[in-house]
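Two complexes, one shared chain (chain A), two partners (chain B, chain C).
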Partner chain A sequence: MTIASIQFFLFVLVATYIYHSLALKHRAKYLLFISYLFYLSWDIKYAALMSLVTIFVYFTALKIKTAQSDKDNGKLVKLAVGILVLLLAFYKSYHFIQGSLSQLSHLVGLNFLSFPSKIILPLGLSYYIFKSINYLVDIYLNKIDPETNFINLANYISFFPQSVCGPIQKAQDFLPQIKNLSEVSPDLLVSGFRLILFGAFKKLVVADRLFEEIDTLFVYTNSANGAHAYWLIAYFYTIQLYADFSAATDISIGVARLFGIQSPKNFNNPFYAPNIQEFWRRWHMTLTSWLSAYVFTPLWLRLRYFGKFGLCFAILTNMLLIGMWHGTHLQFLYFGLIQGALICVSTLTLEFRNKFFNRHKTLNALRKYIGPLITFHMVVVSFVFIQASSLPAALLIIKNFLICLRSLLLDLNLYEFIAKIFKVGLYKSHLARIFISLVLMETVHLAQSNLALKQKYLSAPLFLRWAAYYFLIIFIVFLSNFIDRPFVYNLF
Partner chain B sequence: MHNDIKLIYKKLAAFLLLIAPMFMIGHYFLSPIVDTDFPYRSKFNEVFNAQENAEVVIFGACSGLATINPKILEALNPKVYNFSLHGAGPFYIVQWYTKIFKNYYKKPKLIIISIEMIEVNQPRNIGYDSEYFPISLFLKLLLFDREIPFKYLLYNKYPFIKNRFLILRALLSKTIIDESFQWDRYYKGYAPLIAKEKLGEMQTIVSNKNKSMEIKNSPEAVADLKRMIQLFKDENIPVVYLTLPYYYTHKSSYLPHPAIQEIRDVLKQEVDGKNVFYLDYNNDHPSNLNYDESFWYNQTHLNENGSNIFTQKLKNDLFHLIPPAHKNIFVE
Partner chain C sequence: MISDRLKKTILNSLSLNDYDFKDDTLATEVPGWDSLNHVNVILAVEKEFNIRLKGIEVLRLKNVGELQNIIDEKLKLKPQ
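Moving on, here comes the complex of A and B:
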């Protein structure tokens, strides 16, 4: 069951109702039970692997606490983190390992050895491995004490709303909440339902319908107006990815709230970011802050004597890891490299740009509009590497995207340009639907980040708020295809 | 449970309950304006409330719907009905026959099945047709049948939900019926396609999506085909399998694609001259229909004129193909 399906909603509804009916002392155990029930609905092997990781992390953490010296502690943490990273790397790069082993066995004449050509990445593996590493490292750094209650730790690692697409919550944030479970406040409960509804809207109406448009557009890429098809594909994919991933996060945070757990924010209007560094502070925030804390900052501190070179090296390493987190295909590596290069250039020129714009007041006034626009286009181009199946495929999309962008900006024949757009399988009614759903999505996003607007909405009469929810439900019922399409970030 | 939380749940229940009257209003006002599937409704009506009690029945996908005219076959037997539906491949036909047809309609004397050679993996599921089911069948499938996804049955039960994307179009008084068919010529499940002056662009079956798409029969699709053949053997009903003609633009069209050949091989292996027959109108029995553009709606569907000529040819072939033991199917 995907987390945007009716089955999942019913499961959550029943699970939450029982949860609130239970005495406080039983709630943690019950939460663990339903997390594993959810996991078992996917595959028993997933649940088995997660329980093994939990046992491993639990005992390692206790061992760290009882180790004789800091040196022993360091060794133990390095070993444990190494094992967890290896486990993750094995699943993420299995296709590569399998290919190499097959070739090797062929070369040495062991043809009878066969390796399964494909294994499925366990659901949410990278999310709970990252949580486990965070937990172990924070114990080593004395930020938290090891959790002696196995149920609490198992809940941290397996908490089902966060196990599919994150967010990656820190142990020092989660564990106190699970240890002090109290009655959920009505406001938190309602806000949870609200987020689930909005997440379902983003997934079913925006992301899934964009996916279908992209599928149609691909059929027209060989036509006379193929470049325009690619141009649309690049934009649509970026927005689809955003809607899809942020929908998963909304549902996840929403469901967590139903159980009284507050999860960290994962997105903060990333497409309004004025530059690429800021974009990464607003996109998949829990992953970037995790990597920033455990990779970028320690690396930069070690390389600080190398000045700007050290900084760029730390940035590139960090972004390469973000790329490889998506998978070990080469295009994810390119994605990381491109992002790293863009951040380096942006960081190194920021001071110069600030001075330049301060001298030119008119340009400076435009900067807050043009900056996000340029950043968005940099993101669009680099996200092509996540979507495309190979480097040539990615380059083909980018080439056509740039050709179209150039013709749009330089030829200034907007009428002809739009006419061509409607010759690549995109209907006017579809475009209208996409536009309306995007406006609706962004209105809600802005309302979520504007405290005054949010307060105004919450203090509105009940019938108005309910009307807004019914409006979203009508959108979901009438504009979605109800295909249980998995979330894109499930794959990572 | 805490009282505040109880109150929230009560509000949630009220919120969800209010959807029911909205749903009923929507169904009452919107379902009639988007109920586009009159040919399907009439076909399902024929199954559930038989009027024709056909002895010769035709199953298959849209090409069968637009190509085999029962009026012409009635020269062989006055009781012919075309039950073809868009996207109905072997998987669907097995579902349709075992879960619906067999239980509601009398056993036919002859079944004619058109096989879509390049789309044998047709995705149609009988859950898509739940709006035509009597309530008893709907509930039976919903509650006890694990083969048909729950959501297919539910989402397709009410026309205003099933055809939700057409509502706006219908409200703007735009036509929502498929205008490529001549519905005024509808006859016992057959509806001819309009004649086109020029053939449209060939329906490309290979897209250039960066993931290469190969025309390939999935093992499941081949297994479904075999399952369907076995089903009618077990039912002891003579079946004539047809490959309907395609429009040849190049000589190379004579050569069946490996995927098509795979299906042909399965069918040819099963031909026994008693209960299983196979007619391939592209490779074994091509005719001038395959070459003359004026008979075609597009590369794979005949227009009205073409379909009448084809059905005439089929009628003659059937008469000569069916052995004397089964000649009681036909009117002498």
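Moving on, here comes the complex of A and C:
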């Protein structure tokens, strides 16, 4: 069951009802039970692997506490982190390993040995591996103490709302909450349900319907107006990915709130970012802050006397890892490299650009609007690498996207351009539906990030707030196909 | 307590005019003190106080007060 399915919603409702009828002292154990029940509903092997990782992390952490010296601690943490990274790398790059092992067995004459051509990445593996590394390294850095209660630690690693698509919560945020579970306030419960409803809207009405449009557009890519089909595909890919991933995060944060757990924010209006480095501070924020804390900062510290070269090396390594986190196929490496190069250029020229725009006031006023637009287009081009089925497919989309963009900007024949858009399988009624649902989605996003607006909404009369909820429900009922389509980020 | 010298070094490094630094001020609370600028601040501190900070010492810092403490310790150990 995906986390936008009716089955999952019913599972959460029943689990929440039982949770609230239990005495406080039993709630942590119960949370662990339902997390494992969720994993077991996918595959018993997933639950088994996660329990092994939990036991390993629990005892390693206690060992760090009792180690004789800081040097021993360092060695132990490096070894443990190495094992966890190897486990993740094994599953992420199995297609490479399988090819090499098969070739090797042929070379040495062990032809009878066979290796499965494909294995499924265990559900949520990268998320709980990252949480485990965070926990162990933060103990080593004296930021937290090891958790002696096994149930609490197991809850941190396996907490089911965060297991499918994150967010990657820090141990120092989660553990105090699970240790001090109290009655969940009605406000928190309502805000949880509100986020789940909004997440369901984004997934079922925006992301999944865009997915269908992309499917139709692909049929027209060989037509006379194929370039325009590709142009739309590139935009739709980006918006679909955002709606899909942020929907998963909203549902995850919302479900966690039903059990009294507050999770970190994972998105902060990324498409309004004025530059590419700011975009990465607003997109998948828990992954970027994790990598920043445990990869980028330590690496740049080590290379700090190499100046700009050290900085660029650390940025490129960081972004390559973000690319490889999505997978080890070539297109993901290109994605990481492109993002890394863009961030390097943007970071190194930022001071110069700031000075330039401060001297030219009119241009500076335009920069507020042009900056996010350019950043958005950088993202559109690079996200094609994540969504496309292969590297040649990604390059074909990008090539046609750029041809179209050039013709739109230079030929200035807007009427003809729009006419062609409606010749590639996109109906006017569909475009209107997409437009309205996007306006609705962005209105809610802006309201969520604007404290004054949020307060105004929360203090509005009850019937008005309920009218907004019914509005979303009506949208979901009438505009969704209710197909249990997996989230894109389930794959990672 | 945060010395004026450290305060000035951080402000210069982050191109800030002023900020009320306390012992428990976190880097994330200070405008512009993000992951990209963190190492710039450390480099500026090393240059200003003519000291070397180990990577692990920097990674273990929890707030500005701890940065001040570590600078004071390094300066005490420095031959006069």
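In this text, the second predicted complex is superposed on the first by the 492 of 492 C-alpha atoms of A that agree within 3 Å, B and C clash if a C-alpha of one lies under 4 Å from a C-alpha of the other, contacts with A are read in each partner's own complex, and residues count from 1 in each chain.
Here is the rule we use: a contact is a pair of C-beta atoms (placed from the backbone, for glycine too) under 8 Å apart; a residue touches a chain by one contact, two chains touch by 3 or more.
These numbers were taken from a predicted model, which means no experiment stands behind them.
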Touched partner set for A:T221, first chain B, second chain C, both or neither: first
Partner chain(s) touched by A:P461 [first = chain B, second = chain C, both, neither]: neither
Touching partner for A:G109 - first (chain B), second (chain C), both, neither: neither
Which superposed partner A:S21 touches (first chain B, second chain C, both, neither): first
Which partner reaches more residues of chain A (counting touched residues only), chain B or chain C: B
Touched partner set for A:S292, first chain B, second chain C, both or neither: second
Shared chain A surface residues [contacts with chain B and with chain C]: none
Residue numbers on chain C that touch chain A, as the complex places them: 34-36, 38-39, 42-43, 55-56, 58-60, 62
Chain C contact footprint on chain A (complex, rising order): 74, 141-143, 277, 281, 289, 292-293, 296-298, 300-302, 304, 311, 347
Chain B residues touching chain A - in the complex, by the definition given at the top: 1-2, 4-5, 7-9, 12, 15, 18-19, 22, 151, 155, 161, 164-165, 167-169, 204, 207-211
Chain B-facing residues of chain A, complex: 6, 17, 20-21, 183-186, 189-190, 193, 215, 218-219, 221-222, 388-390, 393, 396, 429, 466, 469-470, 473, 477-479, 482
